[in-house]
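Okay, got some structures for you below.
Both complexes below contain chain A, partnered by chain B and then by chain C.
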Partner chain A sequence: MEVTERTAVRIRTRKIKKDQTMTKFYLFLTLVIILLLVAALAPQIVPYDPYAQDLTQALQPPSPEHLLGTDRYGRDMLSRVIMGGQTTIYSALLLVGIITGFGTLVGLFCGYQGGKIDSLIMRVSDVFLAFPGMVFAIAVAGILGGGLINAVVALACISWPKFARLSRGQVLGIKNMPYIAAARLSGSGSIKIVFKHILPNIIGPILVTSTLDIGTMMMELAGLSFLGLGAMPPIAEWGSMMSEGRSMLQTSPWVILAPGCAIFISVTLFNLLGDTVRDVLDPKTNKRKKEKK
Partner chain B sequence: MNRILAVSNLKKTYTKGKTTICAVDEISFHVDKGECLALVGESGSGKSTVAKLITGLESLDGGDIILDGKVIKNPGRKELKRVYQLVQMVFQMPVDSFNPRIRLGESVMEGLINQGMGRQEAKHKAIDYLEICGLGPEFASRYPSEVSGGECQRASIARAIARKPQLLICDEATSALDVTVQAQIMTLLSQLREDQGMSQLMICHDLALVQQCCDRVLVMHQGRVVETGTPDEVISSPREAYTKKLIDSIL
Partner chain C sequence: MKKYVGKRLLQLIPIILGITLLSFTLMQSAAGDAVDALYDNASGGVSEEVKAEKRHELGLDQPFIIQYTNWLGGVLTGDMGVSYISNKPVFETFVSKLPATIYLTLTSILLTVLISIPFGVLSAVRHNCFTDYLIRFFSFIGNALPGFFVSLLLIYFLALQLKLFPVMGNGGWKSIVLPTLTLAIAMSAKYTRQVRTTVLEELNKDYVIGARARGIREPVMLFASVLKTAMLTIITLLALSIGSLLGGTAIVESIFMWDGVGKLAVDSIMMRDYPMIQAYVIWMAIIYVGVNLVTDIIYHYLDPRIRLEQEG
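Presenting the complex of A and B:
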């Protein structure tokens, strides 16, 4: 009697916990979607033209007309932050998409194939991982010259090995499972085995890592722009906007605080989403382990 | 040629650090067409390893495999595809031998589609074969984690026989089944032998079952074949001391 009651309580708490993570997941997902929508519709929703200069309005503090004030050319900060969101967020998404896709493919190939090519590619990726990422990205972006695309390329060059390592490890973990051998006995070729049997079983952790990486990549892209190696000035981009406001931190703090807060909020949002995605994907494995015991 | 499989001096060693295990040590045997050969032996005697060597899942360290008159030596992926038209295996771990993210029916279908069958036809065939193995149509849409070990084992048999192999290797294919279902599967297997002339290599622990269903039996011990003969001969008058011990302990 008591035992069943206790089990019931345990099941109930587990259910509540699961409900909570789902609620959190939907909350953060909604917020992220709003953020993405704002960024996507930026040209339509900006109150002022983010590129229109009006020197009579330069460096106005926040007011009802200009909610976030204006910068030194008299451009409306709110419009620039919204417009900058489009540049920053979508380049970060593009970057994460590239490194996730490319890194995962490389990892799948190396893990499944093994042998000399595998060791060679893994040594190369070791070299990339051994360098402090940002320093290397600065060097690459410096060689390629400024520009947003070049910054994305530079960061992609140094960030794919992480995903290659991750997916390779996952592949090694399951490629000797009997169900892979069974698929081979069923006459399936390597491509079918890799994409039908291996990839779906390893995609979870990869997706979690890439969601968590969106925030990091956004910071690094903004960082490169801040250093003048990313987006070039007239383009509204959070990193370069902060860089412009750097010298006015004491006199007109809103010029640097507005894009700074925008970066902070969106990085936090993406990281929270990444965390909850992990919580949503994980309980399954946790539950199974517990049931086995 | 009335031999589907002949192996000679088969050898496989595993090296773990400094220790070397000779899992299969110079084994030779053959399986005739339409014959059922049993492979018995204690745990760790190398039975599963023999099965993996024949199916090319492990590489040979020595010896020859002649399958349907052709020598199979370090087969490439192309050649293995040909081998898998002839040979199918029921794995020892039935649950692990199904992709956890793919429904059982889909897994059975995969082998048929790879033989060039259309999706619709393969679907019907998959359900038919699951039915033959005693699983209703609802099992086709279940995931491996949603069925019992025995049900998974039957799905595994369905997957293997659906491809109509000439040689079926069953690695303890009935170990998780109760006596009635086991009898049902054994009848099915003997039917397949008679109707299709399928040959079978049964890796088995149950000597009573071997006596009932198999034509010949090989006794393995520490990677070697220690005794061979008809089940009656081996069980009633074992020549080797080891076989005697094995029979005493099992019966």
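Presenting the complex of A and C:
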């Protein structure tokens, strides 16, 4: 009697925990969507033209007129931060999309086919994974020359192996399951097996990793722009805005603080979303933790 | 053991060949070269003839495969060439920048270990208590702050407002504090989490229950058994970090004008100083092989079940 009661309690607490994770998930998802909308609609909602210079208004501290102050050319910081969000966030999303897609495809191929090509590609990805990534990206971006697209390409070059490794490992885990053999016996071709039977089963961990990667990639892109290897002025981008403001740190710190806090807030939001996506998609780890406690 | 180390060091050769060829190819396909970078920065226009002469002098007008073999031949005879920009020998310049980077690597790794291991263990022991939440909160924040923002904040508050430390430069012990802090904040945030997860996993294992049942005191068990096994994961991570720090932290080094290899690399990349970039690429390959080798050897000593020969 007591045992059933305890099980009932446990099931109930588990349900409450699950509800909490879902609430958190919807909350963070809403916040991220708001962020994305603000960035997408940037040209419509900015209070001032982010590129209009007005030297009489240069380096004004935050005031009711200019909520975040103005920069060295008298451009409104709030408008520039919102505009910069469009550049920074969407290029980070593009980058994560590219590396997730490419890495997963390579991983699927390698895991399913195996053989010499597999071990060759995995050797190459080992080298990429072990090399100091950011430095390598700087080298590639520097060699290709500045520009936002080149920065994305540079970071994509060094970041895809993570996803290739991940999806390859997942494929190896389920490749030999009976249902795959059954699918093959019933005449499915390799491509159908890979995309219809394997991919849907491994998409969870990949999705979690790529959501968690958005924040990191945003910081690295902004870092490249900060070094002058990413977005070029006058394009509003958080990293290059901070780099422009470096020399004015002492007299007008808001020029740095506004884009810096913008990066911080958006990275935090994406990380929180990533953590909850993991909790939602991966109830197993939660359950195990609870039982061990 | 010696044989194993030798075998691993031999791997350096194909890696160096591959990666230098790769960077050479990339540089060839890029627009602009060292001559453009050199003269376009100088005031006043320079005619195409002067540029062509300079290119001829540097051998930049030759086909790229000849340039590469020339360079490779030089390296094999111990001559890494001279910088296109400063005309100084590459090898000496590069080596003169190494101590600054190594110094910064050591201090920031030391500070990271001093922060992340105690806090990570504390967080795991006080699992789901207030202390744990507080530590996790701070490590979460640390994870979301880009390094260049941290360094600018530190400069603003500690150097410009409180005037505790110099803003940049290599003079005296005070100048290393801010770059060290910047690097350590980012790394500690990552490692505290990692140490917490690893220790938590260990604490759930049966031997811990056994040790507790036998009445072994908690601190003794924690340090003698749990931390020792948890070390394996932590050392792998630290080794990777040391590797990337030795490669020079380009952003932090250039913000603080710390005269190390990271800053040198960025400067040479901007100026398309090929011989210097090649020296840097070789350095990265050496770090890569060295760090992996050292990690494997440490593994072997911490956990003798891991055999070295299998992997070689």
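Please note the rule applied: the second predicted complex is superposed on the first by the 283 of 293 C-alpha atoms of A that agree within 3 Å, B and C clash if a C-alpha of one lies under 4 Å from a C-alpha of the other, contacts with A are read in each partner's own complex, and residues count from 1 in each chain.
Going forward, contacts are C-beta pairs under 8 Å (C-beta built on N, C-alpha and C of every residue); 3 or more make two chains touch, one makes a residue touch a chain.
A quick note: this is a predicted structure, and the numbers were derived from the prediction, not measured.
More residues of chain A lie in contact with C than with the other chain of the pair chain B and chain C. Legend: residue contacts after superposition of the two complexes on their common chain; A:Ala164 is shown touching neither chain B nor chain C. When the two structures are aligned on the shared chain, A:Ala258 is found in touch with neither chain B nor chain C.
Look at A:Ala39: by the touch rule set out above, it reaches neither chain B nor chain C. Within the superposed three-chain model, A:Leu68 lies out of touch with both chain B and chain C [touch as defined at top].
Judged by the touch definition given at the top, the superposed model places A:Ala151 against neither chain B nor chain C. In the superposition on chain A, contact is made by A:Asn201 with chain B only, not with chain C. Residue contacts after overlaying the shared chain place A:Gly187 against chain B, while chain C stays out of touching range.
With both structures placed on the common chain, the touch criterion links A:Met134 to chain C but leaves chain B unconnected.
Chain C meets chain A in the complex at residues 15, 23, 26-27, 30-32, 140-141, 143-149, 152-153, 155-156, 160, 204, 240, 243-244, 247-251, 254-255, 262, 265-266, 269-270, 277, 280-281, 284, 287-288, 291-292. Residues of chain B touching chain A in their complex: 55, 57, 77, 80-81, 84-85, 87-89, 91-93, 96-102, 107, 110-111, 114-115, 145, 156, 159-160, 163. Listing the residues of chain A that touch chain B in their complex gives 177-179, 181-190, 196-197, 200-201, 288.
Of all the residues in chain A, the ones that touch chain C in their complex are 127, 130-136, 138-140, 142-145, 215, 219, 222-223, 226-228, 239, 242, 246, 249-250, 253, 256, 260, 263-264, 267-268, 271, 292.
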